[in-house]
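Notes to accompany the following structure.
Note that the chains are named A, B and C in the order they appear, and that numbering of residues resets to 1 at the start of each chain.
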């Protein structure tokens, strides 16, 4: 860093950064409200909305019954009627109960109505494994949502993104799904107050490098960064690209990273078959074929419902060592 | 006929002095009331005839392959859409099903825009992207034909939630069929709406069949109003073949909702005279049953009543028929002439941002 | 007069079978009345008519399957209805043409009517083959149409292609990364001469760079990266590559040059006669004869057909004739006509056209560029009479042809005006001496005197 320290806020956590973003949204726009299971009195299943009920009251921090389809649908209706709802779904596995509303209504209404009905809705949900929550609370299904035209899918992986991605999501006229990886809530660090505002359109190079691109998002980003550290000790310069937005993908950023390094490792906690990693790999093959100096490597979860036992769960998930090994295979 | 069941909250009396599609119902003298009633009935008749003749023409156009896709006809159920719509203001919201031509026309969407949509033309009320099952008109707060059974109900609750949070005196009216009772989304939303006291009018068009499955073959308890009442909302059943009974019930419910009494549920007992979707072999119901219901045709019923009271001359009826026929003719003519949506615009409206390459 | 037509009864209905008439000619029908029973793929339905009138004529027999929209019956409106409206009696339309039943079945034979139409056996099973097989056949110089298919429905299988190729399977494809292939093409490095350092010996970019003239060179700007390459970028990169290659050739290869004039009278006569008899698409250019002669001569004089590698000559595994193609934006490539000595003139002509098009549209494959065993440059169409070329390393010879010109010439003691072309040879003195080169040009001359044998 150049001389002169940038002004930095005190250390914070990913969870607090999300909460601060919610607080700012609720303060700055009276059309915004938060609803979901246990977002109010309980303070959010993962503590994200703790304290917001006291500040904004039960109308705007609204506890819902366990009716994912009804309250996601209600969020869509409220968005149609001029409000800016933020709907929290406890985990991505539960979101399947609302899949009809997300796919058949939120993603299609604008097109089906010939452009008359945009749906400015934000849906937040937790995704991912790593906390021994077993096979109904641990999956990474954001790739399924990234399949759907008409919605935007984002995955903040850093404290800065946790703090700054909500505001542009709320100004987006279309539905935005925010995936928060469960293992990130306790991540701590300093917030870069002077960082320029970021949008939802671009991937970010989290670490530049020349020998191999480690392409990751969400909960896999820390693993990719750790792997890059380890590779550096072996003399391999790894670039780490954080996708940030899973739909629409930042094709230019992916192509330009591969053009620099000529090798790519895609890290995705979802299952490998039909995954977002598959999509990214296919785009590299389509857009950057003549840049490739090694086959694209993928590091994904084992094709198994995520098990409970710690050793088994760790074995099922992409680990830093797997990323390092894949990068070595690519670099040769 | 209009027995309130399971009523926890007492609905306040509806205010009759509301402007309707047929004009003011304010009346100062008995003669004036009679005349206003006659005019109002003529307007109800016209609205039902419009739907009936429009859809009859749809059958013809479908047979000629001018219209494709799934087309679900409302013939026989016109009293429901027309009667309920009378109780709604332009600021109210409407959410409908895939059997929604009647709701759309009763809401005031021009026949031309609906017919053009059936033709898949650019001038259709959904720009040719929706078709028969997905009619929309944001300017009339008509939030569409939803073709997932019960899929529109949560959305209607959200529209009502927004009005509730903004303290706007609007009602959101949600039409759905008896089949929706078997879907979780109805029950989730009924609970949510009652819990939050949302200004939601749930209108169940009980035509006795979920596609080809009879009510008693898909519901263990077939008293739908009673089941809705169990969620803690006012609910009752109405003769859905009598447009005036429907209107009166809807006015009462809408008035109570506007007064803050929370969601209301109406079960409208009705029948579709034609197949589930355009043509089917009617293996699931017998012809005698269809004939029995046809004898209760809501249009015949209203015209008979008007004739008995000497309020409808043959000349007046002929004039209405002619007017509606001309309107349908114009709609077909316009749809025939209307431009196609250009294929270059295929990706428009997927997101609000213009598609790449624009 | 209205026609009652086969209605569309569902989104997926294209045709229907008329099962039964519910009316007879002369009967009166009203709009909305059922008049016929129609069977579709899904069900059997009564269908209504949209006219009120008298059934004039039934046009379709029960059991007949017809497309949606086909007229099934004629219905004449009631005359009195017309008069009542005060409308003039319209001229009765002519009977629409009777529908041609696609197939008929007895009205009771519903099973037969329901049976799906069998898919006719495909006359040309060949067309089912995938691009890979076509590509293999093409590479093996096989005529696709002449291949016998042993697979289901007469499909050509991989085995068929390999058998037809006579087991003369080409050496295994070189393992190289896409980037390495691209760089090799741009830097004119022969991938086959490299030892790959990647997985399973795959050639990687670094291997190509270290083999490139002058050692590692800066790679050309990224292909299809974030910013697309401009035409200037491409022209620049190509100039750089040509510069590097030709510098290397001139530095490393001791060239010797030979030249001879070839009498083209016999060749041109044969060509004119051939073209007169052939449809436009099969007409030949003189270049086809020259290339074929150059290729056949290379087979006869194998010392010129191959590569100088690591201080020794390695013969080519066939005559893959490099053809110099100048590009519109400037620059030059010399992709290969594989096994040019085995192609008949028609194939050679087609291959030449294909190469030129692909070279000029940037669609050359790596194998096109790396394969040539000897190269021909033909500057005749640019007005040049004699061309002494620079050899493409690691090849050892380059053949040049100039323009075919009419020259005074003495033949058998008589002076006449004859078409003549100057054929030249640039050869690598490390690999051959002048005598070998002379043998080569003599062979070219002899071959061109017997064009019918080419």
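Before moving on, here are some points about what is shown:
Everything below uses one rule, namely that contacts are C-beta pairs under 8 Å (C-beta built on N, C-alpha and C of every residue); 3 or more make two chains touch, one makes a residue touch a chain.
This structure is a prediction, so every number in the text was calculated from the model and none was measured.
The touch graph of the protein chains shown is complete.
Between the interfaces B-C and A-C, more contacting C-beta pairs are found at A-C. One finds 41 Å separating the Cα centroids of subunit A and subunit B. Look at where the CA atoms of subunit B average out and do the same for subunit C: the two points lie 60 Å apart. Centre to centre, using the average C-alpha position, subunit A and subunit C are separated by 46 Å.
Subunit A meets subunit C in the complex at residues 252-253, 255-256, 259, 262, 287-294, 329, 332.
Across the complex, subunit C meets subunit B through its residues 5, 7-11, 43-45, 47-48, 50, 68-69.
Residues 177-182, 197-199, 204-206, 222-226 of subunit C are the ones touching subunit A in the complex.
Across the complex, subunit C is touched by residues 59-60, 62-65, 68-70, 277-281 of subunit B.
Contacts from subunit B toward subunit A in the complex involve residues 93, 95, 124-130, 134, 136-138, 143-144, 146, 148, 151, 153-163, 165-166, 172, 184-185, 188-189, 191-192, 195, 348-353.
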